[in-house]
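Common to both upcoming complexes is subunit A, partnered first by subunit B, then by subunit C.
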Partner chain A sequence: MFPELLNQSAVILIFSVDAILLMALIALKVIHRRRMTSHEGRRKDYLGLLSRHISFENHTEPITEPIAEDPAFLDALIDMRNAITGDDTTLRRIVNHHGIIQRQMRYLDSSWLLGRRLRAAVALAELGDETSADMLIRHLDDREPEIRIQCARGLGRIRWTPAIDQIVSRFGREIPWVSTRFSDTLVGYGTRATWPLLAYIRINHRFETEGAVLALRTLAQIQDDEAVGPLLAILAETSDLEVQIATVYALGEVGSPQALTALDSLLDSGEWALRAKAAGALGGLGDAAAIPRLVISMRDENWWVRRSAAAAVAMLPGGTDALYRALDDDDPFAADAAAEALTDIGELVSARRRADEGSRTEPLLAHMRSEG
Partner chain B sequence: MSEQKKILVADDSETIRALLQTALESAGYEVDVAQDGPSAYELGSAGDYDLIVLDQLMPGLLGLDVVARWHEEGMEVPVLMLTGVDDDRTAIESFDQGVVDYVRKPFRIPELLARIRMRV
Partner chain C sequence: MALEIMEWIGYATIGYFIAMQVYMLFLAVVSAAALRRNHHLRRFGRVGEMLSSRTTPPVSIVIAAYNEAAGIVDAVRSMSIVRYPRFEIVVANDGSQDDTLQVVVDAFGLEEVRIPYRPDLDCAPIKAIYRGRSGVDITVIDKENGGRADALNAGINAARYPYVFCTDADVVLDPDCLVNSMQRVVEDRARTVGVGGNVRPINGSRVQLGHLIEASVPKRVVPRMQILEYIRNFLASRPGWSWMNAVPIVSGAFGIWKKSVIVEVGGLTKGHLGEDMDLTMRVHRHLLDKGVPYRIVYEPAAVLWTEVPDTLRVLRRQRIRWHRGLMRAVRDFRGMTFNPRYRQMGMVIWPGFVLFEYLAPIVEFIGWFVVPAAWFLGALNTTALVWLLLIALGMGLLNSLLALLLDESFGYFNSVADTSRLIAVAVIENFGLRQMTVLWRIRALLGGKETKAWGNMERRGVANLARQE
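Entry: the complex of A and B
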């Protein structure tokens, strides 16, 4: 009797605790939703307030301290700054007058609340100026990855040149998610980041493959001609396959004819991945002089190299004619690669549309028919 | 201003709508707002506007599609395109469709107001 009663009491207790927890959860959700709705309402009001300040010269409607401290006001400021040109004097005056940058710097540096620190980092990334640069650099080592990302973004937005080295130097030791965003920031700096990136690669490519590869990918996006010479030197120096591949990719993206000879010689590499990347990069250079050598690579033993070479030929001036000639190549793999590349650039569709016996696309149709 | 001029502002960004409505009203215009392509088309078709400030990238219907519809219906509406699309092709296409002016985002309020004054 007694154990049965105990069991029943335990069940009732468990149900009661569950019910209380559920009610607490619902209450928290309701509170959160109300806070969000209230935040959104205030943000809208502040958008109107800021609009009036921007639109009316010498507008005197007060922006009180509680308003200036309200996170919804910060959001409205950021929205407004993104809508109109960044150097708008009225907004800058409001930000300076209310010490908004200084307040956010204080929060970023010393708040215990992660949400507040994160909001401060975002605010500084969006609204910060030279006065916040040192702090943003310091927080590139923040314990929170998202804060590190926002700090780099902020430094990039104000084009703070001394930060370039600081951001590059963290490539090798950052987690990929963060370092990729650092790379985006450096792309925003444009050619100003070229030499720091090259220096980083030269120094680190033997020890930090991942960092060097990311730096090379960043250079590929910046597409600065000045990088070609040093990239060729790195290519001659490195024995790391991943670094070689990333260098070749960067050379192709920069697209300087200076790289033709080096890339051409890589088509004889023992590594198929390097041969394929070199073929693709040659297509990016836009120089028809590469066509004869690429046509030879269309007979490569590796399928991906053949495909890359044919696709590269298609990108070059006169490449389409070369691919049509390759349809008659003695090597059936080369002919297939040519047919595939011609199909990719829409020649098959055009051949079928014309269905003209005498047209030059007939060999492609014939090839495709023979392939079934 | 002897007779109040009417302007429609169509933009999916709440910030842009708030800003332009305030700025234009402060400059003495009567302003209506639309937050997507279909409502811009409806308001623009029904109202007698002196100018329509139209965003290109709006949900439901692109700005240029709205302009094309008005043209198909023989409506002559002066449109100022406001767009975050930073490519010349969209600008050229806009002028080809008879848009009277084209402003890229982000923009300066005084410049935009000056352009509107020129047209209205």
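Entry: the complex of A and C
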């Protein structure tokens, strides 16, 4: 039925591939492992070599070209760069003398091997040299997402201020994984990134909601007081719920009392998500004046708002006492929210213990008894 | 005429087997391409940055525990030190008959608390909730017995974070499994609703204090065969499915889900023998019906170690249960088969699953009788038959070797002896072991009381999984 020759050819072909795979497996097992072990060994040797060069100014042990081109030497350089906390002049001299940065820039620019390009991008990010700044900016548009991330990291590492706008401007058009890592880089820039971020939000919050939200989240982590005024202005101006929520979150994280009134008024918003976020943000302000209003929010119709309000009360000075009192609230949902918040900070356990010792407040005792 | 029919059936059976191997090979090649890229990104990319980022989403690890007193404490300890910025552990004690609850309460200094419990998903009644103040953020839900799915539903209800990692109490987590899997969520938080991880058998490996010290291949053939199966399945199929955004099963031992999506589909199905596949397929169907862009992905670098059956008796029970689960899924999702509305899932992966997983034992079983009979009666040419069988065997071996090659990039098995054992089992599994699993799956098709129970696997506990030396 089937031509025998075809069958024979198929069997020969398949078993040949089997044999090739088998050999590849053995080769990987033996050669690759040996190579990796050898790589690790050389890396350790190079670390010793670099240590000696750094420790002794006139150390003459040569770093030859083959050594400088060895990937294990690059790894050792990165390790050493990350280990040094003080003066790194000697290391920089070695890097410059052997053209390490230039070599990696060449690989990043012209190699077609993904592994080599990634290694180059990581090396440039870790070694952080200003001569590579222009190339790193150029590769913020690289086709490979991980390379874009490493380039931003490199720019962040050398605190290359002109790159802030370049990174921020890509928020709206990047894939989420990359833009989130860009955000981490900008947090590393600290307050230097505040105004570029605010400018980006002001211009884009109507058109690039996702980018604006990420910029607001970045600002929340930078926690610069100077951002509060512009953030309040954005809050007053925007009608987009996502942007509102992110702005409220940022205000809570910055934690300036200036935001108290604005956040307080949002507890009456028609949107439960906004009410919940405003409650959480009030907790972040650290002002006990917010407690009475938050206790009212613990009776909200939405459970997430109740929970956020109770968690916020727990964060404020005197909040724990307020939560203990709320355990006896006429509204059972408010009492539940209080119990949950107390449990989250480990307080309900201690309250129970104190109850056993007879040292608790009367309302709390009554509540616990009613709960059995 | 009869001989002609037998000849056709004989060749069709062998043809089916070859087609199955070609399909598997296609998946393996796609998987290899996906893994190659993944390997580079793992090697040079810095997933560790997520650890210090405040934008990293928190995760609730939900564990279903039934009579797990032997290993629950070590399992929770092993989970509590995974590298991840923010997570909680929720243990759902499913009405255990042993001291599971008490040992957890004692070990972590938990106390019963009165906090609201929001039953978004149906489950058996809750008896009590326990929380503690120790460094481990752990919540224990003590509930009446309702089965694994029911316990997970209860745990998901109590989970405080937007992503839930559903797992078992008898597993050892790789310290980076959460960060590696959640990276796939952070990549595309809006669309990613599920992430599956790489489940690997722990039998024969060295475990200390709930940690894997050294992975190794056991000398016993039964677990060794399963190691090869898991490698084939998790490295030579799933990356391919993931690449096509058509993962039909996120393993029950390692599945991270967006909580809101699980609530939307009604949680895990109680009493289902393949509740992980059922949940995955229901999520696909629900989101494709809604027309919402989504993805369910598989992350091979997110590794979890679990104990697999050591004896044929336990393995038989497990395989019967799995096939019963598959049978129900095939029935429940028949509307998706070859239905273009469900895109690549409906047109490629699910039909492939039905053809080459569900129907495989039936076709192979028929082949056992028809092929020798046809050959005996002279309906099959001996030479052609031998060649075709060799093709089938060679392709099966090809799949196994390719899977082992892919596994090398993860470097779990260091010794040449381990790899040699796996290569040996790739050959010998074709002579007896495979046939045994076919018989068990046929047994599952026949039904009966025996095939409808979960059965107990004699668990030794995570702390006792260490290789006897």
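Keep this in mind: the second predicted complex is superposed on the first by the 334 of 372 C-alpha atoms of A that agree within 3 Å, B and C clash if a C-alpha of one lies under 4 Å from a C-alpha of the other, contacts with A are read in each partner's own complex, and residues count from 1 in each chain.
Rule of thumb we're sticking to: contacts are C-beta pairs under 8 Å (C-beta built on N, C-alpha and C of every residue); 3 or more make two chains touch, one makes a residue touch a chain.
Please read all numbers here as calculations on a predicted model, not as lab measurements.
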Partner chain in contact with A:Arg52 - subunit B first, subunit C second, else both or neither: first
Contacts of A:Ile203 with subunit B and subunit C, given as first, second, both or neither: neither
Subunit B versus subunit C, judged by how many residues of subunit A each one touches: C
Partner chain(s) touched by A:Leu241 [first = subunit B, second = subunit C, both, neither]: neither
Partner chain(s) touched by A:Met23 [first = subunit B, second = subunit C, both, neither]: neither
Touched partner set for A:Asp79, first subunit B, second subunit C, both or neither: first
Which of subunit B and subunit C A:Glu146 touches, first, second, both or neither: second
Subunit A positions touched by subunit B in one structure and by subunit C in the second: none
In the complex, subunit A residues that touch subunit C: 1-2, 4, 7-8, 10-11, 14-15, 17-18, 21-22, 24-26, 28-30, 32-33, 114-115, 118-119, 121-122, 146, 149-150, 153, 175-177, 180-181, 183-184, 217, 221, 303, 333, 336-337, 339-340, 343, 346, 348-350, 352, 371
Residues of subunit B touching subunit A in the complex: 13-16, 18-19, 21-23, 26-27, 105-109
Residues on subunit A engaged by subunit B in the complex (per definition of touch): 44, 47-48, 50-52, 54-56, 76, 79-80, 82-86, 88
In the complex with subunit A, residue positions of subunit C that touch it: 7, 11, 37, 40-41, 43-46, 49, 52-55, 111, 113-116, 118, 131-133, 183, 186-190, 381, 383-384, 387-388, 390-391, 394-395, 397-398, 401-402, 404-405, 408, 411, 414, 416, 419, 423
